[in-house]
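Note that the chains are named A, B, C and D in the order they appear, and that numbering of residues resets to 1 at the start of each chain.
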């Protein structure tokens, strides 16, 4: 099921809901996001815990109608100006979550139950303003609980270190809510730094975070998470986050930025010419100790 | 004010680090707390553990500057990189001793807003909660950090992202969440505690700051430790060791510079 | 916090509830169970999904008053005779679960919520006979759900491949409900094939299934899971399961069996003389592909 | 009966394997299904996937005999070894096509008992559910395997460990669980289906078995495919390839011998 990024993203219909950026600031599928913009797949609902720039970029491109997330901005610099302007003008709808509530909503869907209970949320305006949350008196203890209903994204897009062509993925480092989102989504695209022979994956089945039965499409895309870091592959491109912050205060500025970084390149191969990979490469390497299976 | 040998934010980091006890499990988050945990574990709290909502658990400083919890130096030689639900579960079952929170607005009872503020007749959209609401509800205690700016201190938060104490003086008694609520606020001018009713009071003033000069920053009649039978002390300045550590962890002053 | 098995088990008070055998037929902490028997720590409540012999052995030794589990027997041979006799005579109390309900009960405790909802159980006598389960009309969909209340064991005992002295553990292969149980338990004992320097564990933090903040005691005990298998270390001793089945049909037979296998040895070192390790060793080795971190 | 070239259990494995369609995700469990999955994936269902409640996911036979799902050959070169809750979540969200169940007792509507049976005035305690109740409730369809012994076929199961269909003929309509219920029963003498009301009927007879000889084994008036407008066929005998595979996967006949 290995396809090109162009083909994979082309399967996503306008109006879809997409969970992305699930490992927080780690391994964000920017390449997939930029391809969504190039193909003009719009009216999207974006779902995630925090979004470190990717959602802001999609909003700036005008392809977003709703966001269901706990935080949208730029972790290095604070505000995401495209998100802020769109939220303030009402051109996008925002459903406010906490990190836990979005995680529980996806986990409920992944578990196949209509909701999960939590001791968080009550007393906040996140709870008060959202009719989808319910308050419940716990039938066992009488405690007050918040019930978080399931969210089932149409798509989840996840960036991993390596995957088999069948879709089994080795992922390490931060994972955030990757697993709940993959379980919750109707369709899953795995974007891998490296597509490897199935035998490589099977030599370490306990490293598999996503198995083939959950995956629809596999895309090989080295550096596909830049400017976010990928454990074992490249560091975070901090300068990019600061430059973006300065360069996207107005829509016009954003459009100029996007002309260079998104529309000015056909694909990730061309994109890689824009960045100085050597400045991001791993210089101090840590190799995991040996793990054996066998019989 | 005489020229200082440290920045406001370095002092805030030092004060925040002091809020971590040895053996604590701390929920760290972003910005200054990233540095504060590293200072604490390098000085008075060698057995403190940090958890981050990305899933990382660390017992030692990163060997390199980190903009975010997910920067590779924060993963390298971590204790574990489990998932967010696992970290949030620790919080929900009461295993997190202290959590750090920032805020654009704070009210008299420690309720924080990081979602939507009013400026004149404009509403300004901020990034939102992240894990802040969860930490506020469920950590055993929380430590709040913010720049000392009068607009941030409000009678009533425009949007309660992260619950503090009830506004009727009942503290956390009727609050459904298991957490203990805010134990300290650290600004760039003072540190504050919360009394038995959950109301803010001045605990210590940073060197060079006068009580009168900050009382007007609050739209209510600000309490002090003296009102509660104690005394308003002075916030300890960062030690040389702390400053050296802060400047090692943040060599360009990205988070802690002027 | 590394202690001997004798010391670790000595901390467990009579009357405690203990979750064990959480990785199903894999990595069952038999050495810990036998030490419980030798020290005569009784009135125990055992908690687990299935128990492949260990619970039967503890019941035979007379130290069990209650079992909360989904299955107790001998996976190779079926019946566990000591369990069957005790359950039939009423000398132990049995709370019947399904694998999912015991997993959810532990997961609820691990998550710090009073219950978790499920679509399983309704329509079964497992649900009908147990007053602790509740039926609920889902407030979102109107569906009928079963609510499984949390179970918080006093202790969880878990066998792993390697752990640091601080308690951080690398565990691979089957894990079953190890993670929920560790999160749920008040106290956790990690029994490791190998206690290694902390630096070994930290070179692969994504392999850590149990972190130190959840662990109270660490015991090094090679072959501590025999006769169950441990991935990368030794195979299942199938003959042992069949022999046990034949040798424990009556209490007298069990007592003779225990005289050899439990009371006849002081500790696991002496125990290892009773078995032919060479017949169980890994002959066909599979080594996991390299994983790098770094910065 | 003429001497056969296969054992009853080899035929049951062959019949069970035939219930796995190519592309299915199958929840396997213990004993004969361990072998049946390996036969299916080696023959007509190369793209079938097996999940086991220990967390293992496999797409190929183990390279060695397995007594249990957790035996090392079943882990070695597995696709994944996730946790039980993750596997059970697949079941609960409807992603498991077929699950296998055994039983000490079965009633007319496919309700299974593996917990507590009556024998005269003694109650015999059995090992219990394991994951059977969950599979019965939530797999899209289930395939039941048991030795053909009259005492196992009962008007009403003494204890319903694993729900089948409602006893009032409404099938699964009012059942709260998402699963589809039993689709087949394979005994050592015949295979059975379940009609629209959820009642058992004879689908095929194993070679050498007469309908009259088994009808008396049931304490109710046994239906057959003929009663439903079809015909009672003969269960296919295991092919040479199947027998060769079964004897490779279970070389000593531990599960599949006489």
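Going forward, a residue touches a chain if its C-beta (ideal position, glycine included) is under 8 Å from a C-beta of that chain, and two chains touch if they have at least 3 such contacts.
Treat the numbers as computed from the prediction; the structure is a model and nothing was measured.
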Chain centre separation (subunit A, subunit B; CA means) in Å: 27
Distance from the mean Cα position of subunit D to that of subunit B, given in whole angstrom: 58
Distance between chain centroids, defined by C-alpha means - subunit A, subunit C (Å): 36
Residues of subunit C whose C-beta touches two or more other chains: 112-113, 118-119, 143, 145, 172-173, 175, 179, 203, 206, 231, 235, 282, 284, 286, 293-295
Interface hub residues of subunit B, defined as touching at least two other chains: 56, 63, 71-72, 75-77, 81, 85, 91-92, 138, 178
Touch-based graph of the chains, sorted into line, ring, star, complete or other: other
All chain pairs that touch each other: A-B, A-C, A-D, B-C, C-D
Complex interface listing, subunit A residues touching subunit B: 23-26, 49-50, 52, 69-73, 75-76, 78-80, 83-84, 87-88, 94, 96-101, 103-104, 107, 118-126, 128, 143-145, 172-180, 228-229, 231, 235-236, 238, 241, 282, 284, 286
Interface residues, subunit D side, partner subunit A - complex: 25, 49, 56-57, 59, 63-64, 71-73, 75-82, 85-86, 89-95, 138, 178
Subunit D partner contacts - residues on subunit A that touch it in the complex: 109-113, 166, 168, 179, 183, 199, 201-203, 205-206, 208, 211-213, 293-295
Interface residues, subunit C side, partner subunit A - complex: 112-119, 134, 136, 138-141, 143, 145, 147, 149, 170, 172-173, 175, 200, 203-204, 206-207, 231-232, 235, 282-295
Residues of subunit D touching subunit C in the complex: 30, 53-56, 63, 67-72, 75-77, 81, 83-85, 88, 91-92, 115, 122-134, 136-138, 159-163, 175-178
